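Across the two complexes that follow, chain A remains constant while its partner is chain B and subsequently chain C.
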Partner chain A sequence: MYQLDWSSIPGALPFLWQGMKISLEITLVAIAAGIFWGTILALMRLSPVRALSLLATGYVSLFRSIPLVMVLLWFFLVVPTLLRDVLGLSHATDLRLASAMVGFALFEAAYYSEIMRAGIQSVSRGQAQAALALGMRPLQAMWLVVLPQAFRNMLPLLLTQAIILFQDTSLVYVSALADFFGAAYKVGDRDGRLVEMLLFAGAVYFVICSAASFAVRRFQRRLAA
Partner chain B sequence: MGPLDFHVFLQPVPTGETTYLGWLLQGLRTTVLLSACAWAVALVLGSLLGVFRTVPSRALRAIAGAYVEVFRNVPLLVQLFIWYFVVPEIVPGGERFKQIDPWLQQFLASMFCLGLFTAARVCEQVRAGIESLARGQRNAALALGLTLPQTYRHVLLPMAGRIIVPPLTSETLNVFKNSAVCSTIGLLELTAQGRQLVDYTARAYESFLAVTVLYLLLNAAVLLIMRKVEARTRVPGYLGSGR
Partner chain C sequence: MISIRDVHKSYGTVEVLSGCSTEVKKGEVIVVCGPSGSGKSTLIKCVNGLEPIQSGEIVVDGISVAARRTNLPKLRARVGMVFQHFELFPHLKVIDNLTLAQRKVLGRREEEARARAFSLLDRVGLREHAHKHPGELSGGQQQRVAIARSLALDPICMLFDEPTSALDPEMINEVLDVMVALARDGMTMIVVTHEMGFARRVAHRIVFMDRGKIVEDAPTADFFAAPKTDRARQFLSKILQH
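Moving on to the complex of A and B:
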C-alpha cells in the first residue's frame, strides 16, 4: 500500500506561490484583453457591413473549432519568432509568458464574443432607438447605452467563463512554463512525491474555483432579485 | 521561415513501416476512438447523475451535486494526471494496471478521465432538460399509478432526452477538442503525433497546419452528424429548445 507523505509541501509553498502568481497573471490579462477584443468581435459580427461580420464569424468559428492545446502550441511556436523579428529581441529572452498571454487572450476572445453578442441582443431594441432619437451617433448609442446594459446582463456568464479560463491556464504545462500546476508537478517530480503534489494541486484548484463559482451564484441571485 | 513544403508528409518514418502522413492518420484514429469511448461513458454516467439530481431522494441529489461540483472545479489536465499518476498508486489493484500495455494504460486513463469529466456537464444538461418539462407531466404519471422509475422511463426521459440534443451537440464537440489534453500523458493522439512530427522533421509550420486542418475537418464532420441527429430527434412544437 502506498504511504502518503505530505512533508515536501510546506517547503515548496513559496515556489508554488510564484507559480500561482503566473497563473493569475495570465488569467487577468486574458480576461481583460479577451473581453475587450471579444466585444469588438461581437460588434463586428452584428454590424451591417457584411465583410466585417463574415470576418468576425470566421474568427470565432475557427478558434472554437480547434483545441486550446493546439492553439497554445501554435502561439508558443509563432509568437516568439514574430516578436523577436518585430522588436529585435535576443534569443535568450523568455517569451513563453507573453506567448501564453497572447494565445489565451485571442482564444478566449472567441468565447467572450459569443457571450457579448448574446448580451447585446438581450438589450431591447427600444433602448438603441431611443438613444438615436435623442441625437446620439450609432457608436455613442452603442458605447453609452447598449454596451453597459449588455455587460451588466452578462456579468455572471463572463465571470463563469473567467473561472473556466483560470482552470485552462494549467494547460501552459505544454510549454513547461511554471504556472501553479507546472510548479506543483516539478516539485512532485523532484521529490518523488508526485502523488501528493497532484492531489494537493487538485485540492487547491477545487477550493479556489468552487469558492468563486459559489460567489458568482450568490451574485447572480442578488442581480435577479 | 522558409516556404512551406508539404512533401515531407510522404517521406517514410525512421522505422520505415509508414509515412509521416500515416502517423498523422494513426493519431486521428486514436483521437476519434478515444473521444467516442469517452462520450459513451459520459452519456451513460451523465444521464444517471442527471436523473439523480431530480429525484425526491435527498441523498441521491446530494451525491450527484457533489460529483458535479468536484469534476467541474478541477482543471481537466489535473484530473488527467490524477487518473494516470495517482489512482494506480493508491487504489488496490493499481499494481496490475501498471503491468498492462503502456498504450492501453494511457488510453484507459484518458477515456475515464474525459468520460467522467464530461459526465458532469452532461448531468447538468439532463437535469435542465428534465426540469424544463411541465411539472404536470411528472404529477400526471404518478397520479396514474406509475412508479417513480416508470415515470422516468416512460414519461420524463423520452421527452428530456430529445429536448437536450442541441446542447449535447456542443458537448460532443467539446469531447473531441478536450481529447487533445491527453497528449500530455504521452497518448499518441492527433496533437501528440503533430508534436512528434515537429521533433522528427523540424517542419513545425507544416505539421501544425496539417493537425489544425484535421481538427477542423473532424469538427465539421461531428457537427454534420449531430445536425442529422438533431433533425431526427426534434420534438414537433418545441421550437428552438435548448438554444
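Moving on to the complex of A and C:
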C-alpha cells in the first residue's frame, strides 16, 4: 500500500507562501479590475445607445462562451509577444504574471457585469428619478445614487464570485507560473510526493474558500437583518 | 411662472395626456385631482421633464422644458419635486440626503450646505434625526425630509406627486402641515392629491383631470360649491361621502 509521507511540506512552506502571494495578487487585481470594467460593461449594456448595448452584450456572451483556460492560454501566448513588440522589451522580461492578471480581469468582467446589471436593475426607478429631479446629470445620478445601492445589494454575489475567482487562479499552471497550486505541484514533482502535495494544496484551498463562504453568509444575514 | 399649453403625451398607442393647458402664476397653489389613471402624475412629471411630451409646450420661468437646447438638469435643480414613495437615498444619512445635491449640483461648500440643511430640518422639525438613515424614520418623517431635501436647492416652485398617498392616516397631517406652511410662505406649488381638506384650505385653484384631459380648472371655492361638469360632481360626491 502507498505510504503517505508529509515530510517534504515543512521545508517547502516558504516557496508555497510565495505561490500563495501570487495567487492572491492575481485574485485581488482581477477583482478590482473586473468589477470596474464589469460595471462599465453593465452601464453600456443598459444604455439607450444601441451600439454600446450591442457591444457589451457581444463581449459578455463571448467571454461566457469560451473556457477560461483557453482565454488564459491565449493571453500567455499572444499578449506577451505583442507587448514586447509594442514596448520594445527584451525577451527576458517575464510578462506571465501581467498577462494572467489581464486575462483574468477581462474574463471576470463578463461575469461581474451581469451581477452589476442585476444590481442596477434592483434599484427602483424612483431613485434615479429623484436624483434627476434634484438636477443631477444622468451619469451623476448613476454614480452617486444608483451604483452605491446596486453595489451594496450585490455585495454577497460579488464576494461569492471572488471566491470562485480565487480557485480559478490555479489555472495559471498552464503558463508554468508558480502560483500556490503550481508551487505545490512543482514541489511534489521534485520530491516524488505529488499525492501528498496535491492533497495538502486541496486542503488549503478548501479551508480558505469555505471560511470565506461562511463569512459571506454571515455578512449576508447581517445585511438582511 | 409655469405655463402648460396643449400638451399631448402617449405611451405607444395609449394617449395619457390629450391636450392639457393651464397656467400657474408665481405664488399660486394648484391642486390637481381626479380619478386614478387620469394622467395627474404624468402631467406634473412633464413639468420638470422627467417624462417627455410628444407635442405642445411647457414653459417654466421662461424656459421651454421640451426644447432641445434646454439644460434640463439646470432647470430641474430649480424645480423641487416630492414623490409618493419619498425616494430618499437609503444609503445616505438624512443630513447627507439634504447636502448631496447642494454640493454636487449647485457646487455649494460642505459647511454652507450643512447650514442650509440644518435650518430646513429645523423647519420640518427633524433636526435631531439628522444622523439617522432614512430607513429608521417613519413614513411621515421621511416625507418631511424629502420636502426639506427639495427645498435645500432653493427652488422657484414645488411639484408634489401624491405626497401623502403612501402614508398611514395618522402621519398624513404632519406632512400636510409642512405643505400648508410652505404655501402660506408664498411658494408656487402644484400638488397632485386626494386630500380635499388640504385643497380647500390652501389651493387657489383646482384642476380636475379625467382620462388625460383637464375637464375643469376653477377657483377653489367655485369648484367645491358648484362643479361645472358631471364627472367632477361624481368624483366629489364619492370622495366626500364620508
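We adopt the following convention: the second predicted complex is superposed on the first by the 225 of 225 C-alpha atoms of A that agree within 3 Å, B and C clash if a C-alpha of one lies under 4 Å from a C-alpha of the other, contacts with A are read in each partner's own complex, and residues count from 1 in each chain.
One rule holds in what follows: a residue touches a chain if its C-beta (ideal position, glycine included) is under 8 Å from a C-beta of that chain, and two chains touch if they have at least 3 such contacts.
On a predicted model such as this, the values are computed, not experimentally measured, just so you know.
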Message: In the superposed model built on chain A, check whether chain B and chain C fit or clash.
response: fit
Task: Could you tell me if A:M136 is touching chain B, chain C, both of them or neither one (first, second, both, neither)?
output: second
Query: When the two structures are overlaid on chain A, which partner does A:G192 contact: first (chain B), second (chain C), both, or neither?
result: neither
Chain B versus chain C as contact partner of A:S65, first or second or both or neither: first
- request: Once the structures are superposed on A, label A:Y173 by its partner contacts, choosing first (chain B), second (chain C), both or neither.
  value: first
- prompt: In the superposed arrangement, does chain B or chain C reach more residues of chain A?
  reply: B
- prompt: For A:P14, is the partner it touches chain B (first), chain C (second), both, or none of the two (neither)?
  reply: neither
Field: Superposed model, angle subtended at chain A by chain C and chain B (C-alpha, nearest 10 degrees)
entry: 110
Task: Give, as a whole number of angstrom, the minimum Cα separation of chain B and chain C in the superposed three-chain arrangement.
output: 25
Query: What residues on chain A does chain C touch that chain B touches too?
result: none
- line: In the complex, chain C touches chain A at residues 45, 48, 50, 73-81, 83, 85, 87-91, 100-101, 104-106, 149-150, 153
- prompt: Considering the complex alone, what residue numbers of chain B touch chain A?
  reply: 1, 69-70, 72-79, 81-82, 85-86, 89-90, 92, 173, 177-181, 183-184, 191, 194-195, 204-205, 208, 211-212, 215-216, 219-220
- prompt: What part of chain A is in contact with chain B in the complex they form?
  reply: 1-2, 4, 62, 65-70, 73-74, 77, 81, 167-168, 170-171, 173-174, 181, 185, 194-195, 198-199, 201-202, 205-206, 209-210, 213
- request: Write out the stretch or stretches of chain A touching chain C in their complex.
  value: 124, 126-127, 129-137, 140, 144-145, 148-149, 152
